[in-house]
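Both of the next two complexes hold chain A, though its partner changes from chain B to chain C.
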Partner chain A sequence: MPDVMPGQDFDVIVIGGGINGLVCAVLLAQARKRVVLLEAQRRMGGMCRTDEIAPGFKVSTLAHLVGPLDAEVMKQLRLTKTGLQFSARQIGAVALSPDGRHIILGEDLRHTAQSLSAHEANDAKAWAAYATTTRRLAQQLHAWTQKAAWPPATGEGARAPLLANHWRRAGIDQAAATQLDLSIAELLERTFRGHLVKGALALDAVMGNSFAPTAAGSALLPVMRRAFEPRGTNGIMHPAGGAGALISVLEKAADVAGVRVRTGARADQFLFENGRIAGVHLANGEAVYAPHVISSLSPVQTYLKMGAERDLPFGFKRRLRGYRMEGTVAKVNLALAGLPTFKALDKRHLKERLLVCLSLEELMKAHAAFEQGQIASDLALEATLPSIHDPGLVRPGGHVMSINAMYVPHRFGAGDPEAARKELVSAVVSRLRQMAPDLPDMVVGVDVYLPQDLAAIGDGAGCHWHGGDLSSDQLGVLRPAFWGAAPAPVVPGLHLCGAGTHPGGGVTGTNGRLAAEAVLRAMQVGA
Partner chain B sequence: MSDLSARSVRRSPLHLKTAEACVSDKWIRACGFTVPLVYTNEREECEALSARAGLADISARHCWRIDGPDAVAFLGFATTHDAALIEAGQTTRVLWCDDSGFVRGEGGLSRIGSRCFELTSVVDDFAWFADGAIGFDVSVSDWTGQRGGLALRGPNAEAILALAGFGASSGTDPVKGPTTSDAAEQGQILLLRAADGVELWMDAAGLGLVWDRLMRVGAGFGLQPIGAGVLSLDRIEAALPQPGVDWVPAQFALRQADLRVPLDLGVEPGLMRRFNGVEALLARRQGCGSKLVQLRSSKPIPLAEVIGKGGSAGHVTSAASSPATGRHLALAWIKDEFARPGAMLARPATSGALDIQIARLCHS
Partner chain C sequence: MAVAAPATARLDAICIGASHEVLFAASCLAASGKSIALLNASTPDTANAPLAPCLVDVEAVEHLGLVSHGLRFGAAPPVVAVAQDRALALWPEIDATQAGLAALSQHDAATYQGFVQRVSRLSGLAANGASGFVPNLQMAGPGSDSLFTDTAYLRGASLARVLGETFSDPLLQGTLAQFALAGTGISPSLPGSARLLARQDVLALLGVPSGKRHVAGGKPALSLALEASLRHAAAAGLSRQVGVKAFVVERDGVQGVELADGTVLKAPHVIMSPDRDDSPDSQLSQFPDAPRLRAGASTARLLYTVAMPPAIRSVGAGLLTSGANVLLNPSIDRLVASHGAFVARRLLQDFCISLHVNPVHPAQSPMQWQVVVDIPFVPPETEEGPWSGARRQRLVAAVTKTIDAWAPGFELSLQSATLVRPSEPPGFLDQRRPASVMPLSGSAVEILPDLHHDGIHKPVRGLWVVEESLSAGAGHAGISVAEAIGAHARTRGRTHA
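Let's look at the complex of A and B:
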């Protein structure tokens, strides 16, 4: 017998218990709204989870790093006071080289310059200019990432909501705006001469996206990532206990704030009354009512697959149909019997993100294979060894390695997933052996997620690392799709809070905060 | 800008017939099709149209079929017209708007069954309708090139039509617009009556036979094929603006000033009804500040700015001179303060100003 609850049970329903859904729910509950959070899975977390992949080996199985966390969220949710600890902060990157001439890409300009000069003397100077410009632009874009994106109500900008309008309003000069329009490949070719630095920085920029490093506008990505926290105070971090620990803390915050959390509650249809949202229908037949529904599911799932599609403006619907959100990243987690030996790499640098991409050409080849539905023999990788700074994750002497592999097509392994997983692991291990020859012998456990596996964990509509490509046509007011100049939801009462909204993906909590602020404003004006 | 279609050039379903008649071998591209610009010469065709009868191939239009249980609801939301009010066999002019309330296109919407409609337009916007159908239980299919149309115009048109056995009984309803006789009775030929003549729409396969039949029957009435050039003149004489010529569909507009709301094109949709873009129209509630008018003059009117008292009054979008009647006509966007029938405007020229008079408002 379905448990149908008539009337308005809650002020707000939040769908999805990932970081953004949780942040949004807690902020609304703190504002004295009656909030219910519906999570389809049996546990919370979405893409943030810590699992045991082999006896005595725990790791962040999906998203392996967090941040920069939204400062306002940290403050309002008192995250550090409720037990959130980080085993590493300001995590930088190392461009791994098979010959041991690794490049350290961190906050310390001098250190980076030294490692760069081992490849190309001129690149050391170029790095200083590159890093300074990136920081300056990030500072200018910071405000843009921290508030809801709306175009001007009138004038050309209202009709042509291009990022250029944002840059103009953000006070970014023409020369800098021109740089943001470039492809990351072109920017790096103009700036550096060494192949390794260009390959690693290009990989770092496009990681998770389906476009090639030659895509126009991709030079924005490193700036945008930095813009969340221009000063890099905390930067990219690793929660002690893995990404799942962050979710545990948020769950506690939700409990304290009075959020009613329901797991195993899959929302499958929206309910409407007089053209506005009235609640959601659950897969178990139950109905939950509230005048505001906030979805952290993908925009496509939310708007086109749950009953709202009929009332959508055609232009909005068309944009959503073209929204690019197919996954490009596969996740491989390795349980290791010991610490692999990376030639000539100081152990203190093993806490950084280890980037494996030897040149721009290599990354382009990987993308070309991706376009044909295949994986390249030389996969581009971003790996972390969290057990270096968080030994509690593993049994004594052991280590875990968490690896994002690019570019892996969404349909890779559609016919035989198990064979595809084996092929992927083999390709990843073989690639890592070039950098750490003893690594294959240390593998005692493997955990693999193809893009299609990530889709199954999410809402099924997509499995994009960032909730949709971070391309210039899917950012700002265009994320997920342009809807007029008024800050009103396209379907009255229905809001988004996931990574498919401005300012894009990453474990930051900003999307959830912005959604909570928008809903509180809507409640004030009775929208 | 007159052809809003893709770059492909296709032959009209009537190409073999029209090519045979097109002794001038002058062609033009329309909606992705190549059609005769003039068959013999413009003067002859104009005279036939004004004194006897003319037959034109108007197949060069996009044609989409909307079929399914939600067809009425879908078209009611997609266009500014309530599709439920269209009776079977009836055709109505409809506009459709983007999310901001600006007009993307216009066309003739015919109801050919209880849940089946056909929309013909010179604006290529099939993808807009196809994508918009998500969430509705309808199929939107492209029938362009598979359907064809003939326009029969001139004083003898009705007589030819009756003698050929097509819908002599159908009448014109000035309120509802052009009407058709029963489509089934006419063997799936849609007979549409408009202010400027009669249109027959049918499957492309039957088009040649109907052309032959009308030409054979019409021979005694002086019926002559007329090309796109004279059709354009006829359009301007009837003060019928054309998308892509007299106004720019929103999806092609490069300037804010080129955007038009339905009111600018003579359509006042009921804003209490939900259709795409209505929220924006409710917020705006005003037009572009200009009206489409028909101009006349003693000399050819150039496609240029026209002047009123105190400065620029607007700009001419299409113009034609009739070799048969000697009339010089044009359509133009004229600012509201000048847009009155009878008002005098001018076009400065080195040989002296050209006097231009507003003959009428296009959508009055």
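Let's look at the complex of A and C:
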């Protein structure tokens, strides 16, 4: 290990103790770097936390599912050996229908086909083709999600060959590119006839984003989600003990690797020396020094609000101001005295994500209300019942339901947040009553987060479910904004590792791993 | 030369409606000696048709020799935007626009030229389909083309984002946004809406050369030239004023049409436009691949006749009567809110008004002017019901009041006011024919129009639905269909021989 340089306490400072910050810090510490992790809150976790919302009812209060987790991260951090267990894997989805003709959208083709043909005979065949295409495209995109959007500046792949060759080598053909350029609404309109399947798949695609399902390029979203793990080995999972359990395991890994973790340490300014980053200034007046700083805060917070703004190239700064990261999802957690009855839904399907969105038109109307700063009466919901497979979360007989509701505008409840929370809960509960009539009577505890509540928790980064819209102007080399001299960092020594970087949001850990790899490379060449 | 054929004879093609693309196809077929029938439910009132600007494909005009039938090219009209305290004008000449912008914002005047270049690259890429999407998904290298990356960005971003990051003046942002999304039903905040900047009419406004030119006298003048061309080909005798009741479907294809009077006309090809006004589009829905209605489905149009041109603040009468497109206080925020209301089947009273002023019969009554008003995001049917009876009058009154606030005295000079679109639902007052109520916009989901689409749909064998392509200019789709039919006939001829 090198000697401590004067004014250099560490090799690397990581800001933010969410999944990506933790993963990045552990990987760097495993590479024998001296790492300090600064978390503003009193506890770690960011958007991943498990809380007791009523006596005897625990739930993942914010992010309620994880995955697909980065395979490389799982391996290098030895997460399963450190004690990470999952109460459910390969969680699929069910499109709920008020009349009991639910559609099962999972890996089992037969189930899906059967439930689809209850609505439209042709949709079962269409689904087989749709699922196959999605899987094929996901395989083609897999490499893209696993590597930095920019190849390393030196060594293999440093010189970019012709663009077209690149594309061909990535294995993506023109026809696929054309399909991915469509909007999810148009793709679904072309593929299916049933309203429910179109509504549910569109919701599943755009969940968390501020755009409507008619946005160009949104057909890419289901493919992208799948691309992280094309074979669906683990898929979307629920850690036993909730999302907070994942963080506990990562904290343990950080401890083993020798990461110095400081909670209650809010970084508010970057420190510079000769145009390059030298450390961070904390809200309590203290300064921490290191030649590399990695931020898991939002790109806007990192570049525009912590003193780095003056060094940014003009075009980059302008583009960053246009970066869309307004949150659109509200979180409602319900403590239930018993298990609600969903008409004609087999109990084994209660472990899936329950999607409530009856048609594309309904989703468009929810978005229309959002454009006007209101919430629609028919909100689109994604609900889970984690206590079905993780009974340790609740007292015997009880259940918890965790619900993402959208589109909820940031402006909603700006005047009177308490009234807005009440309005939201009653909208969500009355929507769920259409599917499970006995649910309202079982509610014994409620826990609500409006987008602005999430913003307060996550330093602005957590307000958006994906750390910024996953539209094609904010993906790949354009995430968070195009910078002509990439892969060199815009501000020397300052890196991003949050969801506002390639390959986008979701509890995967990939962003953290890619950031760690980039920083290690930068250290090697002395940048 | 084709001779007016009796109705029982076998025709080569049946053309339905009076849209430009159908007329282009008909003229082209007639000129090449095909026997056709041209069917119209009503005689189009060319004299009183709104003088909407019209961009035509120069090659299409040459192909049909329309200049010898009276077509003249004209200058592209400017776009003028008025706000409470200022106004701006956009001209196809970049210098003129920049000079005007300098008074509003030095920054925007300086950025304008670079913006035009970016849009021009975007339009170049439009020809290559979705390949603009490619660089965004691949692993680009340090040496890769940042211009290409910028174009990928423009294709994925929303109008609001692109205009917001490029220009500082909200009036300029609102003007370009409203002009670019005219007639589409798309919100300026929708990712991907920025690709509408590569529409041919926006390119013409920005002064990007694209092989299209404006027709002097607008759409009515183009109709007159096309009709003259049809007369020249002696096909005018085949034009019949009769509505179409249904398609004749045989052997999985359209083989002809049944007219409102019960006669059956047969032909291997039927050409129609997807406009609701003059085609049996309720019949179209029987084909699964039928195109969705696009043009104008969300735009209301009003026609006013006034004694003098409206005196709009800070817009000179000369500029106003030269065919300028005037936008009253355009703003992206208001467009987004109106779009939200539109999807929810409501109407905001805060209209985003766009208008043209044209002289009417200058020879006979020089004191009359026609004001054509277009309002985006007016739902074809609101929660309160369809636009009919007193509701139509209320809508007209509200729009009149808004214009009057911008042009004092407008209401007093009013001679007539008509709501052209949304039209009174046919059959609404006639309860015996509920089936004839036409479907509204097909679906509440407005799809981002595909700029690369050539405007030709073939939902079933023998049926061609043609509309003006957003990138190719008037005439392209119609002539392409006529040529495809010609090629088809030649192949068949060979097979028979």
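In this section, the second predicted complex is superposed on the first by the 497 of 527 C-alpha atoms of A that agree within 3 Å, B and C clash if a C-alpha of one lies under 4 Å from a C-alpha of the other, contacts with A are read in each partner's own complex, and residues count from 1 in each chain.
Keep in mind that, in the parts below, contacts are C-beta pairs under 8 Å (C-beta built on N, C-alpha and C of every residue); 3 or more make two chains touch, one makes a residue touch a chain.
It should be emphasised that the depicted structure is a prediction, and the values quoted were computed from it without experimental measurement.
In this overlay on chain A, chain B clashes with chain C. In the superposed pair of complexes, A:R521 makes contact with neither chain B nor chain C.
Legend: residue contacts after superposition of the two complexes on their common chain; A:E309 is shown touching chain B, with no touch to chain C. After overlaying the two complexes on the shared chain, residue contacts for A:M364 are found with chain C alone; chain B is out of touch. When the shared chain is aligned, chain C comes close enough to touch A:L180, but chain B does not. For chain A, the partner with contacts to more residues, out of chain B and chain C, is C.
Contacts of A:R78 after superposition on the shared chain: neither chain B nor chain C is touched.
Working note: chain B versus chain C after chain A overlay, options 4-12, 310-318 or 328-336, clashing stretch identified as 4-12. Shared contact residues on chain A (touching chain B in one structure, chain C in the other): 159, 318, 321, 484, 486. Chain A contributes residues 155-156, 159, 275, 304, 308-318, 321, 483-484, 486 to its touches with chain B in the complex. In the complex of the two chains, the chain A residues touching chain C come out as 141, 144, 147-151, 153, 157-161, 163, 166-167, 170, 172, 174, 177-178, 180-181, 183, 185-186, 189, 211-218, 220, 318-319, 321-322, 324, 360-361, 364-365, 367-372, 376, 469, 471-478, 482, 484-487. The part of chain C that touches chain A in the complex is made up of residues 129-131, 133-146, 148-150, 152-158, 161, 164-165, 186-187, 189-193, 195, 336-337, 339-344, 443-448. Residue ranges on chain B touching chain A, taken from their complex, read 78, 98-100, 127-128, 131-132, 134-136, 256, 259, 274, 276-277, 279-280, 283.
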